[in-house]
Each structure stands twice: as structure tokens, then as C-alpha cells.
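These notes open a run of structures that come right after.
Two complexes are shown next, each including chain A; its partner changes from chain B in the first to chain C in the second.
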Partner chain A sequence: MSDVPMNERKLVGKAVRRREDPRLLAGRGRFVDDIALPGMLHSQFVRSTVAHAELASVDVSAVREVPGVVAVFTAEDLQLGDIVAQLGRPLSEFVPTAMPILARDKVRYVGEPIAIVVARDAYAAEDGLEAAKVSYATLPPVMSEEAAFADGAPLVHVEAAHNTLVDVSLFATEGIDRIFDAAPCVVEVDARTGRQNALPLETRGAVAHWDDREEQLIVHTCTQIPHQVRTVASRCLRLDERAVRVVVPDMGGGFGQKCVVGREEIAAAAAALKLRRPVKWIEDRKDALSASFLAREQHYRARAAFDTEGRILALDADVVCDMGAYSCYPFTAGIEPLMASAEMPGVYKVPAYRVRGRAVTTNKAPTGPYRGVSRPQYVMVMERLFERAARELALDPVEIRRRNVITDFPYKGVNNITYDPGSYLESLNLCERLVKDEGWYEKQTAAAAEGRHIGIGYSCFSERTGYGSAAFAQRKMQVVPGFDISEVRMDTSGAVTFTTGTMNHGQSHETTMAQIVADELALDIGKVRLHQGDTDRITYGFGTFASRSITIGGSAVRLAAAKLGDKLRAIAASRWGVAPDEVELADGAARRRNTQDVLPYTEIADIAYLQAHLLPKDIEPGLSATATFDVFNDGTFSNATHACVVELHPGTGQVEILRYVCVEDCGVAINPQVVEGQCRGGIAQGIAGTLFEQVTYDAQGEPSATGFMDYKVPTAHEIPDVLIHHLETPCAFTETGAKGAGEGGTIGAPAAVLNAVNDALRPTGVELDHTPITPETVHRALNGAPSLESSS
Partner chain B sequence: MKPAPFQYHRARDVDGAARLLAELGDDAKVIAGGQSLVAMMNYRLARPRHLVDIGGLRELDRMHRDAAGGLHIGALTTHHTVETDPAGVLRAGFEVLKKAMTWIGHLPIRTRGTVGGSMTHGDATAEWCLLAVVLDAEFVARGPQGERTIPAGDFFHGYYTTALDPDEILVEIVFPRPAPHAALTEFAERRGDFALVAAAVDLDVAEGEVRGGRVALGGVAAAAVRVPEAEAVLTGGGSFEACASAAAEAVEPPADASGSTHYRKELVRTLVRRACEEAVSR
Partner chain C sequence: MNTDPVATHADLQLVTLDVNGEQHDVITEPRRTLVDVLRHELRLTGTHVGCEHGICGACTVLVDERPVRACLMFAAQAEGTCIRTVESLSEDGGGELNDLQRAFTEHHALQCGFCTPGFLMLAEGFLAERPEATKEEIREVVASNLCRCTGYQTIVEAIDACATARRGACAQRCESKEH
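For the complex of A and B:
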């Protein structure tokens, strides 16, 4: 934390009611689809119906004849720049891909946009799609890692040999092979995780129009990264960046899927620019499921060496991530393999490490970030390795973790990352105690005696949050997210408006950031109002992802508020003729220490704006302050231990979650209720990927799911209540002591659930390492039928 | 996900609806609660040129018992009305229907979806189709040629096809006899999904002994089917376990992404036994 002393914590740490809720619960939120402008047109996309083909011809002449259609544009009509995401790595490690806004000469996945149809309503737009005639010279689709690497495989991008976009080998501790050769216990895991959709309830969308008076293209869109959308839009459309304004209304989730720049919002903006009429695009659920950004399809071949006491000696992993057809902007196809490679050792004291991380390109919709990014997968693999070692060495699964988690901080890992203090051991011990106190071990034994199958599983993990410029620069990203910015302004009524460059899409920034400002300025929270999501009002920000908003954005907010506080004190001090440190802020007023002298903010504001002649020469008129914040070390690590208790039903193979316990530590929780919401939602998504959801394709590359009947997002029925306990290890270098809390739930759940299932399967001798686990897989395991997994 | 253009017609009465259907021919579809049809239209998998809305025909929204104890359900009765049974007509013999409703989709679907809509849609896993088959329901249809009654055994022809003529309206479903020892159960990956397999039984119980019964399955063939092999076990005094095994051996369910033939047969075994146990405990 900075030297600025923390003002009295009145609201920070409290479950302040969400400022967002009254309007959202009453249906008075305003989302992109609620925006209706005079003369607005509606658009949809002609999309590829084949997975891999040369575009022989695109004939849209008949589309124009469809009643209600106003215009149709192809790549040739719009002549836009491509979206190209870059890493500063040699071609041997990273091959960039150009993602055209509309496909030009090749299509690389079913659903790839080819033309935009603009019509008077959404119905006519879809009628228009049916009139487009696209002819394809089909190529064999590349639909799996194995197919992509096969000798003579067709190339998704001719410039990417072996269909490989990223290939990095890291760390390779000297002598690691000898450690494996000599180790008394070596365990292996071969695990695959299914492709998933982050699935924000609100699909992607945009409303764009040209404003003649401002000479600006105004794009309302639901994005987590407004400034990056502005940058890409201005480059693709060849406009000055000031001529594009990105405005983000209420958002119904993002989870990373809206953290990349999509092609459709740029195309809709281009159409609006061409037609000089507002154009709306709302992604429908079919397109959202099949043609948006996906995630999580990974394959790990990992082994770990242990000594006879269960201490890990070395870790060796080969990670292949199926990134689909293109690199996403700004993160690139490196997002998953680089995250996994850099961070896999996690919470454990791993002395030797070697990893190869690859991104393979296939004829599937491209991959973007999804809450947790690779961490749900590598934590699952690490936790499987520990479970397997515990079995081999006949150790208690909790005990083997206890012997290996990092306890001395700061800890410099074998992966060159320095971990700041956390409660790895404490959370593990507390989580185990909670499970024991509820009697689950006794229930498990009793159930086994009745022939029932109850299992208990744990997962330990930490989550790097507050990635500053330093951490992302290390990844060699060419767009280095890191700093963020805030401006805090007080008006003559003493009310405060402040901004953040982060972008709420469900995280409660209007509440939590207002708590920080209200405490810092000793104001009623009702006097404090956040503005976000407008590139004209915020100088530059990097948006919300990687659990950065409270750590980095919240720190900038506090610094800016503290600066404004300094000014309030300076003005008051000048009135009293004392030094500023004689003045403190309390209850919406400046107070002279040890006296009864009080100057309410309204009076200070009156001087600052309306009576500026009263100000001393060294104080500028007005009451506003701007601050930025960045993290110059490896970031701050939140941590947690999860425990899951399941019962497997032999008649159906159903996995029933009987109990879920989470002991989490995100440093100072600005608002514990918001943190708990993050935990629950994250755990739900982690369970979803472990037991339910998977994006699949047929051999031709046609996605199987176009609705929720086939893409099995779990509902409230399938998700258990979660017992949450908080520990607090404050971060030493964020301005509030907070660590990020956005992703932990998703990270911990797959390992806990999978370990619980395997614990319950123990008597059968079957171990499952691939997710999602289907009821049939469990049924076969419980009933001694041959596994289906061997074929997958 | 917007439907192709169509014309909307609102029927004033059943005969008017049938006349409209006859006039409009093959391009017309009846819409009631719209819980299946609208989704198919939004995907443009169904593209009727005309929709004939019978949703306003209150005469089709009622349930009553006849003198013989049989139950008559108007085609426009919603699943939710059956589930809540405000008039208490399901008491004494038809509790199975009430309980089965909880397997259908979710509350909003049940408040819009209708019994007749589900029957005429003819999904192979639909709870109503299964109930009709196991309880020997009769379907009363009205068309330009007048009214006729079709037994459940002849009503379901296969995937989403029924015995109804294109210009006929289903007006009522009759469950001729009370079924105090009947039960329906199913398994799906998520609550409210279409079942992977659904099983329903209607046991004949006298003096505490099972003397026989009817066994039907959904999700194992193109339509809900009776399983005579399993029924024979019940008649012969065999155990529920033996009945369930006979059912599992008798069917050859098609495999799909949610489950292999082997797994579905195993579900049949589990669910038939569960349904029998639930039915006998009633």
C-alpha cells in the first residue's frame, strides 16, 4: 500500500447493498439490445456453412431483392483492415494470424462471417441471409489435435506449419531427467478437457451510428475492453481514434468472451458508417453457441516425481491447447498455453520444472479467454498428480498437499514467479476441518457399508491477480495491459463523480469502487457515483479481466480520491492558515484537528469553483484529481481450498453433489457479499465444465449444439449451495489490500469435483481424468463395463 | 433465430379452426402454447405459411371425471393446471398425472405448454405421450368429417408424427380408468431436459399383490412404446427386477451423444424398477 494513510474503513469490508440491484431487479437496466435509435436498422451475418474451404464465390445480389433488406456488404464492399494480434516472439514460437472482419478468400470454421445483411428489422435480415449464394471449394477440415499434427495434414493457415500457432519450451531445470530417473515415485496424468463456451447470458451485440455533429462513429457495445475495441475499430475503419467513441451500457456477463474484439461489432460499425444510419447487431443464441469465442479445449501429458515422504521433486508437462481458427485480439492464441506453461506449479514447492506449451489451430470457432484461463485445467491436472502420488505412497490426500504447499513468503518459484503472502496451508487445514466437522468421512464409511459410493475431493490453488505491465510484458504481448486510471471530481454540491478504466460486467463496481471513494473522502456512499465504459470520458483503460479491477482499478480509484482529499485539506488549511496535516476529513467536511472548526465540502467546493479568488496562488481552481496505478512485480495471488462431496448413483451414473465447501482468501474483501457471489458463480461454471458442458463437432466440423437443449449449461437444480469461509491475507502493494476475486471459483471446482468422483470410484479401480464426465462414463465405471474414454 | 414470414389466424371455435385448416392446406399449423413449435420456427426448422391459433378456445381448457371414473382432459389444459389440479379432479386414481408434470421442462414452460400440444407434437420422450400409452388413453379429434376417437395404441406413428389428419383438431384426451398404482420416472442429465429414458408403469394390485400391469418406455424408439415382455413378467408374478431386466432386453434404443444403446438399456433397467417400486407404494 502507498504511504498515504488509509482513511477510516467504514464501508470497505462491509456487505454494502449493491447499487446496481434496484434498477436491474426492476427491469430498468439498459443493455445494448434496449437501445433503439431513430431510423435504426438491424443486421445479421451470412455465415460459413462449411468448416474449411476456399471461397469460390459470394453472390449476394438476390439478398438485395428480399423485402425489407436495405443493404448487404461483403469483404470486397467494405475493404476493412484485418484484426491481427501479435506477440513479440520469434516465428518459431508464435505465428500471427490475420482475422479478416468478413471472410475474404477462405473460411476456417462453421459460422465464420462472410457478409453482413442490413434490414429494416431482425426478421427481414434473416430472410436476407437465406438469399445469399456462397459457393465453396471445400478442403478437409482439421478437427482435432491429432489431425492437426498428422503428417501431411491440411493447413488451416498456410503460414503455420503443423497447424501450430504457439510452441514454447520453458524452464527446463537442469538435471530434471536425472531427478525423474532416480525418483522413488513417478506418477503420470493424461487429461483432456472439453471445449466450452463462457456463455454470458447476454449475447454479444452492438449499435453503431455516425454522429455528424461530433464527427464521430459512436459504437454502443457490450465489451469488457472499450478502449481496445476503439483502437481496433479505428484501425480497421481507418479513422482517427478520436473519431470512434465506444460506449458500454449495462452488461449481462462476459466471463472473458467479451474481452476480445469481435469481428461482428466492427462490421456493424462499418455498415453504419457506409449507410449513415444506425445499425444494430444482436448475436442470437445459435450464433453465440457456435460462432463466438470458445475456450478450454486442452490436452495435458504430465508427470511428477515424488520422494518417499510425498514431497514433489519435479514436474514435466506437455500442454496442447486447441485454439480453433484464429488468434484473438489482444491476447493471441498464446493465451491458454502461455498461462498454463508459466503458472502450472501453482501453490506447490516444485523444485524442478519443464514444460512445452503449444497452441494448435483447427477448423473450430476461435478461442478467447474464459474465466480462469487454463488455471481450471492445470490445477485439475496438478491435483490429479497429487492424488495419484498419495495413492501410490499410501498417504492421506490432504496430508500430501500439506507437505507440499508453499508456506514461506515471498516465495520465488521454479517458474520465476514470486508469490506474495497467502494462506495456502491455513485454507487447506480449515477446509479439511469443515468437512470433518460436518461428519462427511463418517458418512462416507457408513455409505460404503451399504454399497453406496460417496467420494470426497479437494483442490488447492492460487490465482495470480493484479497482473500489471510487468507480468504481461513478460508474456511478450504487444498490447500490454497493466496500468489503469481514475479521475475523481467533486461538484459544488459536494457530490463526487469518479471514473475507472475498468469495465463492470457484473462485478458490482458501482458499489465496491464507491465504497473505496466514500471511505477515502469520508462521504456518504449516496454522494458518490461511478462512471465507466465511455472512451470519451475516460482517458484510457484496459477494462475488466484477469481479476484486475479491484486490485488495479480500485487502487487507481483510491489514489485519485486521496489526491482529491489532499486538495480538500489544502484548501481548508489555507482558510484556517494552518498546515494541511492539521486538517482531517470526516463526515463530509474538513475538520481542524483538536478544534471545533469545520468546513463542509460544499463550502470548500464553493471556494474552489465559485470563489476561486479566495484560493492561494499555488492551488488551482476546481476539484478534480487523476491517478494511475500499475503493478511492477509479479502480481498478487489470491488462494483457496475447495472441497466437494459427491455421491455416484450406480443405476444411472448420475453424479450428485452432496456438499461443496470453499475457504478463500482474496486479501481485504472490499465487499464480502460480492466476493461470495463471485465464488458461487465461479464454482457453478467450474462444475459446468466438469460434469455438463462441452462444445462438440461432427467429422465435417458442424457444431453439435445450437441451443441449450444440446449445450448442457447446468441450472439451479444441478448446482449445490456452497459453504464459504473467508481468510484475509492483505496484499502489501495494492492500495486497499485487496487481491482479485473474479476467477477462483472456476479454477478450483474442476479438480475438487473430479477428485471427489475418483474417490468415490476407488473400489472399482477406475480413474477418470477427462472432462466433462458424463453419466454414462460413471455408469460404466461403477458397473464394470468397458470405458468409453479410451476412444476419445 | 427469427421465424420465416407467416400469416397469423385466430380461431373462434373448434369447427372454425378445422375449417381454416382445411382451407389453408398443408402450409398451416395449429399453435396452442407454442412451447415446441415456436422454437422450431425460430430455428426455421418449421416454416408454416399460416398459424391457426386455438389458444383462445376456452372450451378446450377443462378437466372433468365421468360417471365411470374416467378422466377427460381438454387439449388446451396446461401442464401447470394438471400439476396444481385446482378442482381436485385427479384425486382418487390420477395422482400419477399430477406427479408426472414435475418432470416436464420448467415452470414457465408448464404454464404455457398444453396437454394437447405435447400429444400432437409426439416427441418420443414426452411424458404425456408415455402416460397416454401406459394408461390406454383415447384421443378425441374433430375435423370437417366430424368427431372420431383414436386409441393411444394407434395415435403415435413415430418421430413427431401422429394419426391426426392435417385438418383435424385434437379436442380431448380421455383416460378411461383410474390408475391408483401408476408411476412415471425418468433420467436426464439436467432436471427439466428431455429424458434420456423415461419409464411408466400402471400396476394391477389386488389384496396387496401385483397381479399384472402395463409397462411403457419413452426415449427408446421413435415413439413411446409398451413392452409386452416386461408386462408378461408381472402377470407371471415375477419380481420388479425381472420385469426391469425383461424391459431392458426387449428394447434396442438408438445411440446418440447423450448415451449409447448399452447405457440406455441400463437406464431402462433402473427406471422400470424404480417406477414399479414407486407405483406399488402408492
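For the complex of A and C:
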């Protein structure tokens, strides 16, 4: 860590007002659909209407006759390279599959793009879609894990036997079966979680055009990973990577869905290249719901062994993730099963662990990352195991967790991960106290006496953030995300521009990263401005995901700012003829310690740029510095405990959330208000997946939800206020002491809500393990139905 | 030769819209929605499109001072009305944020900012109609629109704080008139 102590910081740790807000509030943000270029055309996609078929013929001749249509291209017309996401694992563990930009021989889900129609406006492009004639030789669709594994099942990809893309057993402690055989208490959970849409309110989209002067294809696209889009675009279009520039405007959320390379953005870029005219593609909501990247459909068969005191002895899990039709780039179909396998023991001292993680391919829209990636699911399963064991052993549910959470740090887990210090026990105890202090246990008892059903549920979890190259390399991804680069520049007015390879889409990086730089350089934050999301201005980056931006990006930013600070000190020192360590930076100037000598940055910058003859020989002209940062250990773990109080309504089966409490620890909070925003928004998304949202399909593979009438996104009516309490265990190896804070809310909510529902159901003897928990299920549970959860 | 585009293109029509106090003549297809005309013909891109079927409310604008989903209305249907978009809120046309906008930033009621113009116009219309709205009533109205980032709590708090401040300012004005 840098040597500036925290107590000398002026902005880090403060709820600084967001730099992003004025333009967004005034309606002056610039989102991708706000971009209009001269001569711009608009595109839409002819999409498969069947889930699984050989493409017999694609006849688009009539499309060209539709008024307003300018061009239509099929796979044959564009001849693009495929998107292939790779893991460096043997075929027995991972089967690579190609995702063509436009379907070539076969379609594998309803909504798969087959042809791109380009027209003078979006209305005419839609007209054009109607005129396309596609003949299908239909195949039986594979619509569930069971169907995929069945003997003689149709194959979604012929190369993937048993429709299995990933089958990895990362851990198997020797003698684990004997532990289970001898254990006094063994509990099991068979849990399924519904397929969900990350659902950024801004759908995906792109505007691409060829620039003759720069000899570049410029792709404006709303992506969390600008450089990876550039890499894929250049490879699919067979251009030098230099000839592609990806520029990301303001983004209306992403949550992981925009963290993979989309086929449509590449197709729109290809059309622009072919037509030499700007081409826009804006996904409509129907396509966003049915044909975008989805997530979270998982099945856990897990069991855990406990001693009579409630201490966990062993964990054994079989995880199957339904990845839909294709492997996403760059993460592959391994994203969910590998995350679950690597991290499932979580905050608990699990001495023995065996896990098998599989990715199954089905005829559904493909799976991509979604906020939390598998952690909302495995945390839910772990917390169910502990709740069940508490019931078996007649222990208090919080007490059984207290006996098992990691308390001695650093802790080397059975999953070969070293956990850095956190406040697992403290957060658990404080969260319980907050619930008790508000009298919820008394209220629960009183309500029960009136025949009402109030339940209290907890979830205790950690979230690995700051995955560096080392951690991702262990997954054996061929694209190993990890480091980040920042450049910090000062101009002659003493103002600073700095870059990051991360990509803000709501996380407030223009503010939080500016806080870091402003503190490091002792500048007013108004003098500091972030530039992001332009592959020509930023050497390289891995974008924003996995809560990596402040941990890794923010550290690179601080290191680069510190280097620039060194240079400012060195120049000032040379003017005064003293050693650099006699110079300090304060209030926008270099100051000679213990004197009144001051050299404002404007004067130092004048020397660095305009009077470079005044510089000593060993100092180069100009004021810029570049630094990289990577994490070479297992990353840093944020942690939290959530508590949820629900009331179940017997008439409607509604689950009403009466109270939600979150005690979180993300190390040094650069901006506590921003952290709270991440918590609240994350919890809302976690609740959404637990109680409301699910993408389902009929037997033919037709998605049931194509609009918000069929996909229930919770509103202010359903999402409760959240009481947040912060703890702070600074990270020892990020440059700011911060840990990531982007995903924790989403990770903790499903377990807390499900446990609360089960607590409220306690008198009925029913326990639920599947999400979403529908009103129908709750209604039946409260009204005495014996078997409640369907198997899918 | 007839150069009138409306006369030569049967599918086009001249629509006159009053937006933020300015008159605009737009030649457009009758099927174009109000939000598309605002965004793509008038280039008022502050109003956003989130679902195109009237659920999410990102496209909320005021039509004769009442909140309306601009994706559910054809531009032609808005002739003869007064339309207000988010661009009208800033007091000097883009520089100074108004009290509602300031409340949003103070309460961190926006993250990505995509849904924000819709919530601002929803709140502007609602508070004009019900300045005495309680926090619970505000929550009910906030439930008209979707936000994926904030969890809504801070949106409700921002609107409530703005409403409270406006009531305070109003009471003060009344008091000073009495004296």
C-alpha cells in the first residue's frame, strides 16, 4: 500500500456527490441509442422461431423489396469467423463449441439470429423481418437437465456427448465418504434456482461505422468489456486489431449481461463495414428477454455432515448449470459451474470437500455472467444446509453459524483458497443484534399467537473480489482477466485526466476513482477527470465485472497517480535544489517542508511542457505516468450478513418483506453512499430472483416471457427499504484498502429470503429449497398441501 | 412539380408538437411513437426507451402536465397538447439542476441514470398534482416505473425530501404574505 495514511485523506471515505449525476439528471447523458451519425442505417435481426432445427433454407429475397430496406445479410453473405470461448482443459472436462455470428447450418434456441436486415429506420427494418422466409428441419428440443442427460438425447452440439460442455471435479478430499458414514448428523438439500435475466434497463445496442481517415471500424457499443469486444470483432472480421476502435458511451446498466461479446454487435459492425455506412442496432425488449444472455438456472444436490455440536465435518456437492445453447466469450460455459465448485465452502471452516460441477447445453438462450455468478445459488444452498442441520440438532440457526464461520485469518480453505481478514463473526453477531433490538423475535411470537406467519432468516457469506490473473488462471480460461492499467496525465492548467481499463455502467467510477486521484495528488476533485471506454485511449483493460474495478482498477489508478506525484515532487525539488523527500504535495502545489516555499502545479507543468530546458537531465519532459496493478494471491474477500423478516399471506401466498438488514464489510469504502447504493440495488436483484423473476419455456422451447407482463420485475411496491451497517476490515494488498462491493447484495439476498420463508413455514413442517418461491407454492404450503415443489 | 413531402408520400404526415414551450413541425409516419419522434426527430434524447410496451416508464414525459408513457402514444396523438420532457427541468435550460434533480443527486437516487428521466417526470407530474403527498403515496407512485440499480429506496427518499422542501418553501411564502 502507498504510504499516505488514511487519516490524511480528504475525499476517500466521504460521500462525495457523483460527478456523473448532473448530465444524467439533465437528460444530457449519451447512451448508445442517443448516437446519430449522418447517413446512419438501422438494423434488426431475423431470428429463429424454433428452438432446435437444421436450417433448410434462408430466403431473404423478399426482404430487399420491402420499402426502406437497404440490405440484408445472412451468414453466407458475411463469411465471418465464429466466436469460440476456450478453457485450457482436456476434452473430458471441457468441450469447446463455436458460436457463429449468424446461424449457419443449425439453430439452437428461439431468437437465435439468422440474418441482419438494414434499413433507413428501425420501423422499416422491422417491416423487413416479416418478409424473410426461413425453412426449418426441426429437431426435438432439449429443454431440461434431465432431457439433456437422457440416453439417446438429441445433441445440441454434435461434438458434446450427453450435452455436456463442462464436467470438472475440482476437489475430492480423501476419505470423505468415511466422514459421512461416521457422522452423527447428515443433511441434504436438493435445490433448483430459476433462469433469470440480468435485465439492464437499457437493452444491448451498437452503432458502427467505418472511418476512412483513420482506417478504422469504430464500434460504439454498450459493453462492460470494450477491449475484449475489440479483440473478437477484429478476429471475426479479420481486421488488424488496430483497425477496430470500441467506444463505450454512458451505459444503462449491465450486471454481467453486457460482459460477454454479443453476436449482434459484431453483425452490425460487419454490416457497417460492408455498406461503408453507419449501422445502428438497438435490441428491443422482446429480444432482450428471450434472445439475450440469461443466467442462474442451476441444480444442486448437496449434503453436509455435522458433529453433535453442529460443527461441519464435510461438504459434498453435485452442481449442474443449464448453460443454454452456447459458451459465452470470454468466460465459456464454465463460468457458473467453476465458480460454484471453487468457492462453495464460503465463510465456513469446512474440513472436507468434494464437488462435481457440470455445464449442460440446452435449446435455450445462452448463459452469461450475472451479478454474483453462482454465489447467490451456492450461498443459498450452504445456508439451507446449515438451517437444516440446526433443526436436526435443535440448535439456534445463528448459533450454528457462529460455531462454523472462519475467525482466524488468513485462513487456508479446503478449496485451496487463502481468505484474507474479514469480519464474518462480527457481522453475524451485529446483524442478529440489530434484528433483536428492533424486537422482531417478539413480534414473530406475537404474530404466531394471532395465527399469522412471520419468519426471520439469515445469510452469512463472503464474496471474493479482486480476482487477479492468478485466480483466473486457475480456472484455466484462455483469456485470463486480471491486471489493469491506468495512465494519469496533468496539463498546463494543473488539471488531471486519467484512464482506466474498467468500464463504469452505474458504479460511479467517475466519482470514486477521481476521489482516489484527487487525494493522491492533493487536488480539488473538480480538477480530476476520468476517461474510460475507448480502446484507442486506453492501452488495455478487462472491463468491469466480478467487483474488480475499485480493487484492481482503483489500485492501478492510485499507483499511477502516485508516480505522477513523485514526478511533481522531483521537478519541484530540482528547482529548490533539495532532495524530493523534502517536498510534499498539498492543495494543488508542491511545498518544501518546514519552509514557506510553494510551487503550484501550474508552474511545475509549465516547466515540464513549455520550459523543458529547465528540467534536470534525468527528468523527461511532460507530466504523465502509467501504472499497472494485478493481484497475485487469491484475491480479497468482502463479507456480509443479511437478515430478512417476512410475513406470508395465506389468502394470496404473497411473501411480504417486513424488514431487511445488511451488515457489510468491503474494507475501506471509497464512497460510503455509493457502497450503500450497490448494497441496496444488489439486494433488490437478489429478491427479484428469489420471489419474482423466472424465464421459462414450453416443451417446444418457446420462451414464455417476451415482455414485462410475463416477466415480473419488482417495483418499489415489492422491494423493501434496507437498513445498512458498515464494518471495515481494510484489505492489506489493494492500494486503497478497498475490497469489491458490487455483488454482495445480490449474493446474500436469496438465502436470507428463503430462510425467512422457511422459518415462517415452520409450523407447517414444509421446507422449500427452490427459487423463485411462487405465491402458489406458499399458498399451498400454508394450506396443507404435502408436495409443493415441482422438479423443474 | 409538387415538392411538398406530405403530398408526395402518402405514408407521411405533418405533425406539430409543442415541446418544452417550443413549436416543432415534424414530417413523419403516422405510426411513429411520441418517444421516437422526441428522441430521433427532435433529438431530445433525455427521454429513454426501456420496453416499448408501457411497463417500465423510462419514457415518461408530461402531456398537459400529466405523466404519460411516450412509447404508448403516437406522435400524431400529441398534437394540440403541451409536452414536457426532462430537458425542461434544469432551470436555465441545462445548467442549474432544479430542486427535484438536486434531491436525486443528494440521495443517490440514480446509478446508471437510464431510468432517471422517467422517474423525474413521473415525480414532477405527481407532486404538481399532489404537493401534500405522503411518503407512502410517493412509494406507490414510484412503483409505476422500473429501476434496476437502486432498489428504489433512495428514489422514494429523494422525491419525499423534495416534496417536503417545496411544502416548507410554500408555507414560508404564505407566511411572508400574511405579514
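The rule is short, and it goes like this: the second predicted complex is superposed on the first by the 780 of 792 C-alpha atoms of A that agree within 3 Å, B and C clash if a C-alpha of one lies under 4 Å from a C-alpha of the other, contacts with A are read in each partner's own complex, and residues count from 1 in each chain.
Following the convention adopted for this analysis, contacts are C-beta pairs under 8 Å (C-beta built on N, C-alpha and C of every residue); 3 or more make two chains touch, one makes a residue touch a chain.
This structure is a prediction, so every number in the text was calculated from the model and none was measured.
Engineer: Scan A:Y123 for contacts with chain B and chain C and give back first, second, both or neither.
Structural biologist: both
Engineer: Which partner does A:A62 reach: the first (chain B), the second (chain C), both, or neither?
Structural biologist: neither
Engineer: Touch test for A:S704: chain B only (first), chain C only (second), both, or neither?
Structural biologist: It touches chain B, and chain C stays clear.
Engineer: Quick check on the superposed pair: does A:A470 touch chain B, chain C, both, or neither? Answer first, second, both or neither.
Structural biologist: Neither partner.
Engineer: Examine A:D284 and indicate which partner it touches, taking first as chain B and second as chain C; both and neither are also allowed.
Structural biologist: Once the two structures are laid over each other on A, A:D284 reaches both partners.
Engineer: In the overlaid three-chain picture, which partner chain does A:T696 touch, first (chain B) or second (chain C), both, or neither?
Structural biologist: A:T696 sits against chain B, while chain C stays out of touch.
Engineer: Is A:V84 in contact with chain B, with chain C, with both, or with neither (first, second, both, neither)?
Structural biologist: Once the two structures are laid over each other on A, A:V84 reaches no partner at all.
Engineer: Give the label of whichever partner, chain B or chain C, reaches more residues of chain A.
Structural biologist: Touching more residues of chain A than the other partner does is C.
Engineer: Output check: A:L393 vs chain B and chain C. Expected answer is one of first, second, both, neither. What do you get?
Structural biologist: In the superposed model, A:L393 contacts neither chain B nor chain C.
Engineer: Does chain B (first) or chain C (second) touch A:H505, or do both, or does neither?
Structural biologist: In the superposed model, A:H505 contacts chain C only, not chain B.
Engineer: Just to be sure I follow: which residues of chain A are touched by chain B in one complex and then by chain C in the other one?
Structural biologist: Of chain A, residues 122-123, 284-285, 707, 709, 715, 717 contact chain B in one complex and chain C in the other.
Engineer: How about chain A: which of its residues touch chain C in the complex?
Structural biologist: Its residues touching chain C are 15, 17-18, 20-22, 24-31, 33-34, 36, 121-123, 199-203, 250-253, 255, 284-285, 505-508, 673-674, 676-677, 680-681, 683-685, 707-709, 713, 715-717, 719, 721-722.
Engineer: Can you tell me which positions in chain B touch chain A when the two form their complex?
Structural biologist: Residue list for chain B touching chain A: 1-5, 39, 43-44, 106, 187, 189-194, 257-260, 262-263, 266-267, 269-271, 273-274.
Engineer: For a test of understanding, state which residues of chain A touch chain B in their complex under the given definition.
Structural biologist: 122-123, 125-127, 130, 284-286, 651-654, 692, 696, 704, 706-707, 709-710, 712, 714-715, 717-718, 774-776, 779-780, 783, 785, 788
Engineer: In their shared complex, at which residues does chain C touch chain A?
Structural biologist: Result: residues 29, 31-32, 36, 39-40, 43-53, 55-56, 58, 85-87, 89-90, 94, 97, 101, 104-106, 108, 110-117, 120, 139-140, 142-156 of chain C touch chain A.
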